[in-house]
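Look for subunit A in each of the two complexes below; its partner is subunit B in the first and subunit C in the second.
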Partner chain A sequence: MRATLRRTLGLAWVLPALVLVGVFVYLPLVQNLGFSTLEWDIYSGSQEFAGLANYAKLAGDPVFWSSLGNNALYAAISIVFQVLGALLLAALIEGVRSQRWQRALRAVYFIPSAISLTVAGLLFYFIYEPNLGPLNHALRAAGLGELAQAWLGQESTAMSAIIAMSQWQGFGYSTLLFAVAIQRIPAEIYGAAAIDGVGPVGRFFRITVPLVREMTGLMAIVTLSGAFQVFNEVMVMTGGGPDNSTQVLGTWLYRSGFVRNDFGYAAAIATVLFVITLGVAVAQLWFTRRRRVEW
Partner chain B sequence: MVTRLSFLGVIARVFMWAFLLALAVVVLYPLLWMTLNGFKTNAELFGDPFALPLDWSFDNYAKAWNRGVSDYLTTSVLVTVTSTVATVFVSAWAAYGLTRVDVPMNRTLTAAILGGLMLAPTVALVPLVKLFQSMGLYNTFWALLILYTAFRIPFTTFLIRAYMIDLPREVDEAAEMDGAGRWTAFWRVILPMCKPILTSTVLLHILFTWNEYLFAMIFTSGSGVQTLPVGLTSLMSKHGTDYPVVFAGMVIAALPVVLLFFLGQRYIVKGLADGIGK
Partner chain C sequence: MRPRALPTFAALLGTLTLAACSGGGTPQAPAADAAAPPEFSGTLSILTKFAGDPTGPYFENLAAAYQKQHPQVKVELIQETDQSVKDKLKTLTASDALPDIYFTWTGNWADNYIRGGRAADLTKVIGPDTAWGKTFSPGSLAAFARDGKYYGIPLYGNGKFMGYSKSAFAKAGVAVPKTFEELIAACGPLRKAGYEPIAFGNKDGWPALHYLQQLFAYNVPDATLQADFDPATAKLAHPGYVTALNQFKTLVGQCTDTREGTNGVLYSSAQEAFAGGKAAMYYQEILEFDNATSGGKLEPDDFGIFPLPVPANAAGDPAVLEGSPEGYLINARSPRVALAVDFMKFATSLENAKTLSAPPYGQPSTVVGAVTEETSSKAVHEGMQLVNKAPKLAVWLDTVTVPEVADAWLAGGEALVSGGKTAEQVLDSVRRASESAR
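Let's look at the complex of A and B:
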């Protein structure tokens, strides 16, 4: 009896965390599912059960599909630069002989990841700005004046411009983590390969790539998950425009719920986002549970 | 390692260095440009973007400070400090309970707390707004404190728990033999031993809170409760085309975290590396 009481009292250690996560992380998630089945009129305050009507509306909403497409584009380009590119870059940095230079380069590349996406987004808003922005000035100075354009102001380039900023902001983060993974590979393996006459390119493909594949998988998953949760940079740089061409799921949810007051519809978009991010997270779980690479 | 000073090898090294340094310029130049613009006048800003400021005055910084940045900064500091303390304490408590106390349903509780890692904040947005409105906490400092704490507990607990699990059992036994109660063992013995990981979690939480935008944007609107990431966008929209002031504000927002990164780099890298795949 006393022992049971003692064990139960032990719960006090876990309780604060459990309550906070339960009430503010899990509960809203469950409520969201319920909200997504409501026809919710914010002005009259009426809430009516609408079944799957919001989801049907979703299926017929071109902006929803273009938002989803933009997220997918974001994910694909980020995988190329922040996973594959970062792995290559990290290996290249390891090729630098001076440890001090290695550290300096990694730190410099990371700086944009330390600052907020608001600052980075505003900064690139100005860099892309047609009149005062250095990008167009540089193009004109290089005799490529016909390429100068309103990067964020036209549908054809706005999304790519935002994604480009995001690569600038994020590649140093994954490069740093790949560098950590590469440093965990024992130097003798590289030494032995070099003695066997394997060149740097061969060492990269035959040692580095296979031995950091766990980190590669994790980075791919983290990058994917991040790409579907994009919000800050789009809000700051274009607000979803011009003509909704840069909407992503996050900003379209915001606009539907908090600007047009269609909470039921916003909740339906949130459910889609939930399914995607949960799927990615489950993939991550499955991935980390698998046997680790052993030296 | 065998190194051959072949012609090809030299060429390769030259290209490698050229690429790495060019990339460093691509990273640093925009940041330098931002900093320089904070010193320019509006006329200079619309002139040659590559020119240096004519007069190195801190006027724009003073203007930014007086046009709200001092408020945003105060709120940011307040939210960051309080939520860091709250998050790290609650997480350390939970980690201690999960790793060193005989708690019923340990596995289920661990899964419940760490499972929060899988959920995207965006998904919970609509119900959270309703919840905070009904609690009367919408558009208050408390909303941010609670949200930043609740949503970062899973990650922070994950890191501290992974560290505590590796501490030897003998430590607890020694503390018990000395007659220390649970609380003393936690506070005086285990927590001090966790200092490296606590430092990592504190730094990562500061970086997160200082830069967070989604919650800050949706849950606050008055200038008295806005943090820097949202405040900067207000500064931008409220003051028309006085852009140098905006640049000054951006520098004020960015500088503390960049410094923090350079000072705590070792701990931040360790925390990030453990956080992604331990």
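Let's look at the complex of A and C:
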């Protein structure tokens, strides 16, 4: 009896939070799924059931596929820089003997992460500007004028330029998290390995890498998930152009709804985006349960 | 997700999907009586496109003056920019939360609100035979009319012209070009004289559309062009389209410094290059004229304008000028339609119209007698004279046709600039978008 009462009381305590999460998270999610089956005219308010027509349209939309490809490219490059590169950099920083230098280096690498993506996007827009941007000026000053170009104005370079900016912005944050993970490894393990004659490279691969495996997995999943939710930097730097070459799923969703007035189709893209990020989130939950390392 | 939650999720999904599908649309509001005497109380919400300098204070001052006259009325302003107003309006429309008065372009943009029953029928108060209607130029009123009914309040007129620096032309020894070919030929001497011949920034895509729409009007017969704006009748087969696209490509390649890289340049950077004396020409709207000569190196006396010159042997109408008035609609579902009408009558009184037309605002009012040599800058006055003289205006390409086609033109314009697509490929992509929108 008392246990039942306790359970009921417990439910009562969590009920307000459940209602809030239900109304503001799950309800819109489900509504979006409903909208993706509609032809919705926002002006007249008419909504006609279209079945899976919006999903069929996705299959034949080249911009949808190129957007998905851009997200995948973004994810692949982010994994290399923000996971593997950040781990290497964190190990190097933690290998510096001077505590003062360690702190200074962590701060230097972390500062870009403190800048909002929108501000960083604007900043890099001006860095890349073909006429006035410092990047082209620097290239010309270094005698590499033939490399100077409109970085964000050409299909061939625009997406890479955006991805480069986001790596600069996110790299420091990942490095800091890896540094924290490395600090948790007992110094005795490194000491014993050194006594056994294992060099710095060997210590990195035999001790650091295996013992920060949990963090590496987590960062890979967070980075992957983030790569499919890219929006701000693309909107600020190119708006998805030129000729839709820098569209990602988030911006194509936005453009389909708010520019092309095709809100049902935008909802279908949102559903695909949700399925991808849900898949990554499920992988994250599975990974963090299975790969816990203890010492 | 835990397995136990799945049935609940599925049940919710089914219920909500059915609920969404059975909506069948928002019921139409009863026709509001725009001619009824207004009740001077409550809050009047207005969405403008005047955020930022120099236009921002215009509606703020109007609201303050109106509230002084009617202390029981509170005017709530939502001021957006040219870019952000599009998103704001669509969000408010989708959520059925449009303000009492809201900004609109002409063409397909306004048509959507009229067709959707979201714009109040103002024929009784602003029709051409009414006292208020007679204060506007007839062409500006007609731009917001559909099937004999008048829906919009035109606030200012607009047109697109090539602005040029007279001193740059004199230094380069070139005269104002009379044909498109002369314009291209003038770019060499201007570059030799130390100027970027034409400043151009296409980061947002629409600056290219402005060139294209004027060139389409010159190269494609009007009847064909009008049919091609509507996906139901569009063929997009006239050779004038490819000719116009290639003419634009030539202009970008020969007259701009950044050439195929101009997609990476902001239109405001191009505007500054012209105002700062680095560029000799900049294709701009009348609304930008006073801005071009305020604070930069370009003096008002040094600033001249001419319509984009007509190419030789063009198959379209050489007298058509690109431009259209911009104005406001009144929310048909607003409980304060009569009050909204009263506020807009106040906003378009001759005195306020003159203020709007004068620097620093420089927005040439559509009210007859508001734009004169005394009230407006010389360039704005000249521009409006040319707009009024034009037998027909070509409405902006991104608002005259349906959004899917406009978006295809926008992407195509960018691809043409960067060299990613040929003129034929661009036209083909637009044709496909038009077929899809049918």
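As a working rule, the second predicted complex is superposed on the first by the 278 of 295 C-alpha atoms of A that agree within 3 Å, B and C clash if a C-alpha of one lies under 4 Å from a C-alpha of the other, contacts with A are read in each partner's own complex, and residues count from 1 in each chain.
We take it that contacts are C-beta pairs under 8 Å (C-beta built on N, C-alpha and C of every residue); 3 or more make two chains touch, one makes a residue touch a chain.
Quick caveat, the model's predicted, so the values are computed rather than measured.
Undergrad: In this superposition, which partner touches a larger number of subunit A residues, subunit B or subunit C?
TA: In the superposed model, B touches more residues of subunit A.
Undergrad: Taking the superposition as given, does A:V236 touch the first partner, subunit B, the second, subunit C, both, or neither?
TA: So A:V236 only meets subunit B here.
Undergrad: With the two complexes superposed on chain A, say which partner A:Q31 touches: subunit B (first), subunit C (second), both, or neither.
TA: both
Undergrad: Pick one for A:S98: touches subunit B only (first), subunit C only (second), both, or neither.
TA: After superposing on A, A:S98 lies clear of both subunit B and subunit C.
Undergrad: Taking the superposition as given, does A:S46 touch the first partner, subunit B, the second, subunit C, both, or neither?
TA: A:S46 sits against subunit C, while subunit B stays out of touch.
Undergrad: By the touch definition at the top of the document, which applies to A:R260: first (subunit B), second (subunit C), both, or neither?
TA: Second partner only.
Undergrad: Identify the partner contact of A:T277: answer first if only subunit B is touched, second if only subunit C is, both if each is, neither if none is.
TA: first
Undergrad: Do any residues of subunit A touch both subunit B and subunit C, and if so, which are they?
TA: Residues 26-27, 31, 35, 131-132, 257-258, 263, 278, 282, which sit in both footprints.
Undergrad: Considering the complex alone, what residue numbers of subunit C touch subunit A?
TA: The contact residues of subunit C facing subunit A are 1, 9, 12-13, 16-17, 19-21, 23-26, 86-87, 90-91, 93-94, 96, 112-113, 115-118, 202-205, 257-258, 260-265, 269, 273, 403-404, 407, 410-412, 414-415, 417-418, 420-421.
Undergrad: Using the touch definition up top, name the residues of subunit A that touch subunit B in the complex.
TA: Residue positions touching the partner: 6-8, 10-14, 16-18, 20-29, 31-32, 35, 89, 92-93, 95-96, 105, 107-112, 114-119, 122-124, 126-127, 131-134, 137, 168, 172-173, 176-177, 180-181, 190-191, 194-195, 200, 214-215, 218-219, 222, 225, 228-229, 231-232, 235-236, 249-250, 253-254, 257-258, 263, 266-267, 270-271, 273-274, 277-278, 281-282, 285, 288.
Undergrad: So in the complex, which bits of subunit A are touching subunit C?
TA: Touch list, subunit A to subunit C: 26-27, 30-31, 33-35, 37-38, 41-47, 49, 128-132, 149-155, 238-239, 241-245, 255, 257-263, 278, 282.
Undergrad: Touching residues of subunit B toward subunit A in the complex: what are they?
TA: Residues of subunit B touching subunit A: 1-2, 12, 16, 19-20, 23-24, 26-28, 30-31, 33-34, 37, 45-46, 48-50, 90-91, 93-94, 96-98, 101-104, 109, 112-113, 116-131, 146-147, 149-151, 153-154, 157, 207, 210-214, 217-218, 228-230, 232-233, 236, 243, 246-247, 250, 253-254, 257-258, 260-262, 265, 269, 272-273, 276-277.
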